[in-house]
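Each of the next two complexes has chain A plus one more chain, namely chain B in the first and chain C in the second.
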Partner chain A sequence: MPILEVKNLNVSFKTIDGVVQAVNNVSFNVEHGEVLGIVGESGSGKSQSVLAIMGLLASNATVTGSIKFLGQELVGVNTKALNKVRGNKLSIIFQDPMTSLNPYLTIKSQMTEVLMLHKGMSKHDAVIESIRMLDFVGIPEAKERIGLYPHEFSGGMRQRVMIAMALLCRPELLIADEPTTALDVTVQAQILKILRDLQTEFKMSIILITHDMGVVANACDRVNVMYAGQLMESGSLDNIFYEPQHPYTQALLASIPSLEHEVERLATIPGEPPNLLALPDGCVFQGRCHKVHQECKGGDVVVQDFGAGRFMKCNLMQNLTNGINQGITSNVVVN
Partner chain B sequence: MEKLLEIKDLKVYFELKRSLLGKKRIVYAVDNVSFDVYKGETLGIVGESGCGKSTLARSLVGLNDITDGNVVFLGKDNLAKADSKRWHALRQEIQFIFQDPVASLNPRMTVAEIIAEPLNVYYPKMKDEEVLAKVLDMMHLVGLSDNQINRYPQEFSGGQCQRIGIARALVLNPKLIICDESVSALDVSIKAQIINLLKDLQKKLSLTVIFISHDLSVVKHICDRVLVMYLGNIMELATKEVIYKNHHHPYTQALLAAVPSANPKVEKHKHVKPLEGELPSPLHPPQGCVFSTRCPLADDGCKSARPELRYMDDGALVACFKA
Partner chain C sequence: MDEYRQMMKFLIRRLLVAIPTMFCIVLLVFSLVHATPGNPFQGEKALSPEVMKQLLHQYRLDLPVWQQFYLYIVDLLHGNFGPSYKFIGQSINGLIFPDYMGGFWVTMRLAIYAMIFTVPLGILFGCYAGLYRNTWFDRLVVMLNMFFSAVPTIVTGPLAVFLFAVILHLLPASGWGDGDFKHLFLPVTILTLAYMPTVAFVTRGSIIDVLNSNFIRTARAKGLPTRAIIFKHAIRPTLIPVVSLLGPMFAGVLVGAIVTEQVFALPGLGILTTNGATNRDYNLVLGITIFGSFLTIAFNFFVDILYFFLDPKIKQ
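Our next item is the complex of A and B:
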């Protein structure tokens, strides 16, 4: 059984300008022990879909659909029931560690609170366990430094503290929302290594949200590609990177400058993402797609299931036999 | 090649408030940096946050005071000694494109007003029709359409705002453009558009560009030469080919190895240990080589003396005893 089952998830926000459809009919699973990457540009709904899982959406949000975590439905349950799961079996780390830690409390009191609340540990045991966890994420002199305040740590160290805190109760699922975006590359490499080590050590599942395809290639087993609130394509790491089917995935990969090979001009995706207040009829990518045709401009978009968890939302018909790509080349418009 | 900028022993220090014990505290943001910028080239400056790359850039347009050293522009003007009147004239030649495209535009001005402002400042007698013609020229150049001329910045996306910022920087026909993380805030698909635009404009207008970025792949794509900084010091300065293929400095090596590749096969077979630790505080830079606290090759010699920049056989400038 998958550890997390998301079915037909919709998240919308009522604003003075109208209803913003942030997540649009998204379904996916997270299996035991896997790292699922969710990639997309800003406004693609990647963060809002995990905030919905955590029950952390803004108060003007409406959620429909189903989110089942370890068999338990999370949509529509009260805060008390959610709190039993959150921080315990289900944890999240955010992009900016400074704003997620309480600046008035020491790391010690913020960490021990979690253990005392969820595990009923004594203060003494909780401190020992917290130090152990800080050690694990590579904080030197954890025993002394646990008494410090968040501002006394550097950005990379604060992110380690966040990870340690999220892991205290040995969650089954860790959600990492752009955990390395605010960090330098050398520190990012350290944090990605910690995440990989953790995953092997604790056998937990991770949802890793990022806009950086390099981070995905480094850390993930499976990838969901989101655009304008919709799940455009999903597949294994190799599927997505070596045989992308969706025109958006293809264009996204082609537009990244690479360290390995050189191109004179980067391929670009013309135009900009659609306004979430007024999504077009039909496919949300139609305005920027170089393979767009009449049927993309209205009606439902076909979801093509290629088996083995690989699917895409696109009217363009693909015949995939044994995962071998037939009939498409990744010829992306260069403008 | 003709030199546009000659930077010699540039020092930019910031004095902090005295500590409790009354000791002077100085941040050595840029410490004794010398290099040249040639006409028509794109020079990339890379390094981690706090390495001094932005401070360096800002001191080249007079946004920071220069503590000591010389910055000679076109063989005659010393920017380090320029007064505000001289700076006023110099800013026609040197323009800056900022990181945050939205925050760097005045929300109460229309696109036309934003792009025309430099013209109004420097050519107050220019006729309205001429100003308008120039503004439209600039808008076409950066890929904005005529009907957007009376809109306000908030009606545009980040990528479009950056186009407006570029138009504003180019309207005076500057010789030198400094881009400080100008594409970092943009989404992948938009970033590619702006990178292509900058590259085209550089060629078309034969601009000299100093391109500051923490993103090594973008720098590789856009630059001719690359300067690697660490804690206010130059570690390596070489052509793009040398930096990305045959670099000499262990820091350049570590920096490149840390960039995750968008290719799972490459990532899987990468077995480099990430660089340990973090940038030391610029308040107390290490005694010897500034990189010695994290360098895998450092020995006692590196910890006691600071290596000078020296030329390698391939023309690269490197500050390392081990290179």
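Our next item is the complex of A and C:
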């Protein structure tokens, strides 16, 4: 059974200008022990879909659909029930380590409260366990430093603290929402290594959100590609990197700068994402797609299921016959 | 021990800044008062030149201004605000801090009573309004703040007197009485209404900001109950802007309940200030202004100390 089952998730925000459809009918699973990458440009709904899982959306948000974590429905439950899960079996680390820790409380106080709340530990035991976890994520002299305030740590160190804090209760699923975006490249590599080490050590699942293809290639088992709030393509790392089917995925990969060839200009996807206040009829990518044709401009977009958890949302019929994807079920589902 | 040393260093630094500030204020106020045309004894009744000369000499007003300033500073450093020019034979110290119930003692009682209601109620209402944003209570807090910011005590005071004293005969219209509940109820209420909505409004804005911050999202992600999020994570950052508002506000009420004291005829500093200003009692105006500035600096200093405990970043 998958650890997390997301079905037909919709997230919309009521604003003065109208209803913003941030996440549109998204379904995916996270299996035990796997690292799922979610990629997409800014505003594609990556963060909003995981914030919906954590129950951390802004107060003007409406969520429909189903999110089942370890068999328990998370959509529409009250805060009290949610609080039993989050921070405990389900954890998140955020993009901005500089502001995600409370500047007015010591690291000790912010870490121990998690263990005292979820595990019922005494203050004394919680401090010992917190120090152990800080050691684990590579904070030197954790025993002395646990008494410090966040501003006394560097950005990379703060992200380590965030990771340690998220892992205190040994979660089944860790959501990492662009954990390395705010950090410089060498620190990025260190943080990713820590995440990978921890994943093997604790045998947990990870959802890794990023817009850095390098990070995906390094860390993920499976990849979801999102665009304008919709899941465009999903498949294993090799599927997505070596035989992308969706024109958007192809364009995304083509825009990765190559070290081998020198080019005048970097490849880009012309145009800009659609306005989430007024999505077009038909495919959301129609405006920028170089393979766009008449059926893309209205009606439902076909979801093509290639089996083995691989699917894409595109009207362009793909016939995968090169043998890598056996069991093509031409199982066409109309969304 | 280390923390104690840091704190002493911090406080000494603040004190060293306060001294030149105080000196500049004294210099400025002294110059302004002495730049007014004429002298304190040119009243409606013309005095003979001999008497005038004698008076000016007696009060050192015939010396060059810089000498007067020097002597005034020397007096100040001895805690002496000098003699009054109008209340013959009385010192300014005696007027501000009299042996009877008056002057600063009246204003202080008034200010303390007003703040006892203003601070806790303002913070409570502000937090509540911020937590339950866009409810009727929140809108009421915002509306009251706008109303009492727009309508000054010079309007609310007489209106309250008119309603409760003249029409309903419930409370005395004015006077200190013996500082009893009936006499103080209206002035304290008017002062509270003047200041509390501001405290509530600042608290409201502050808690809304704090609750939207990333670290509160982290606290929620950890599964903490709302109670713990508010009291452990949100309350300290919420109070920081409120505290910085309260220091000058309290100092302001202590010196400047001028309008309220006039409306309710309370014998406090406010009345003394108006008397001093209309009678050209240089030393009285100087004394009260300098005392007020001193209080403002002292309260800001006190706020700095509070900051030291509220915000760990200041310790560096």
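In this text, the second predicted complex is superposed on the first by the 315 of 335 C-alpha atoms of A that agree within 3 Å, B and C clash if a C-alpha of one lies under 4 Å from a C-alpha of the other, contacts with A are read in each partner's own complex, and residues count from 1 in each chain.
Methods note: a residue touches a chain if its C-beta (ideal position, glycine included) is under 8 Å from a C-beta of that chain, and two chains touch if they have at least 3 such contacts.
These numbers come from a predicted model, not from an experiment.
Undergrad: Report clash or fit for the pair chain B and chain C bound to chain A in the combined superposed model.
TA: When both complexes are placed onto chain A, chain B and chain C end up side by side without any clash.
Undergrad: For A:I92, select first, second, both or neither according to whether it touches chain B, chain C, the two together, or no partner.
TA: Second partner only, chain C.
Undergrad: With the two complexes superposed on chain A, say which partner A:L259 touches: chain B (first), chain C (second), both, or neither.
TA: first
Undergrad: Pick one for A:V185: touches chain B only (first), chain C only (second), both, or neither.
TA: After superposition on chain A, A:V185 lies in contact with chain B alone.
Undergrad: In the overlay, answer first, second, both or neither for which of chain B and chain C A:N83 touches.
TA: Second partner only.
Undergrad: Which of the two partners, first being chain B and second being chain C, lies in contact with A:A278: first, second, both, or neither?
TA: Neither partner.
Undergrad: Please compute the chain B to chain A to chain C angle from C-alpha centroids in the superposed arrangement, rounded to the nearest 10 degrees.
TA: Apex at chain A; the opening toward chain B and chain C is 70 degrees.
Undergrad: Contacts for A:Y104 in the overlay, against chain B (first) and chain C (second): which applies, first, second, both or neither?
TA: second
Undergrad: Compare chain B and chain C by how many residues of chain A each one touches, and report the one with more.
TA: B
Undergrad: One more residue to check, A:V19. First (chain B), second (chain C), both or neither?
TA: Once the two structures are laid over each other on A, A:V19 reaches no partner at all.
Undergrad: So after superposition, what is the minimum Cα distance from chain B to chain C, given in Å?
TA: Between chain B and chain C, the minimum C-alpha distance equals 7 Å.
Undergrad: Where on chain A do the contacts with chain B and the contacts with chain C coincide?
TA: none
Undergrad: Which residues of chain A touch chain B once you look at their complex with the stated criterion?
TA: Chain A residues touching chain B: 41-42, 154, 156-157, 184-190, 192-193, 211-218, 237-238, 241, 251-253, 255-260, 262-263, 265-270, 272-273, 288.
Undergrad: Show which residues of chain A lie in contact with chain C when the two form their complex.
TA: Chain A reaches chain C through residues 54-56, 79-80, 82-88, 91-92, 94, 96, 99-106, 113-114, 117-118, 149, 151, 162, 165.
Undergrad: If we count contacts the way the header does, which residues on chain B are in touch with chain A in the complex?
TA: Per the touch definition, chain B meets chain A at residues 48-49, 157, 159-160, 187-193, 195-196, 199, 214, 216-218, 220-221, 244, 254-264, 266-267, 274-276, 278-279.
Undergrad: State the interface residues of chain C toward chain A in the complex, per the touch definition above.
TA: 213-215, 217-226, 228, 232-233, 236-237, 310-313, 316
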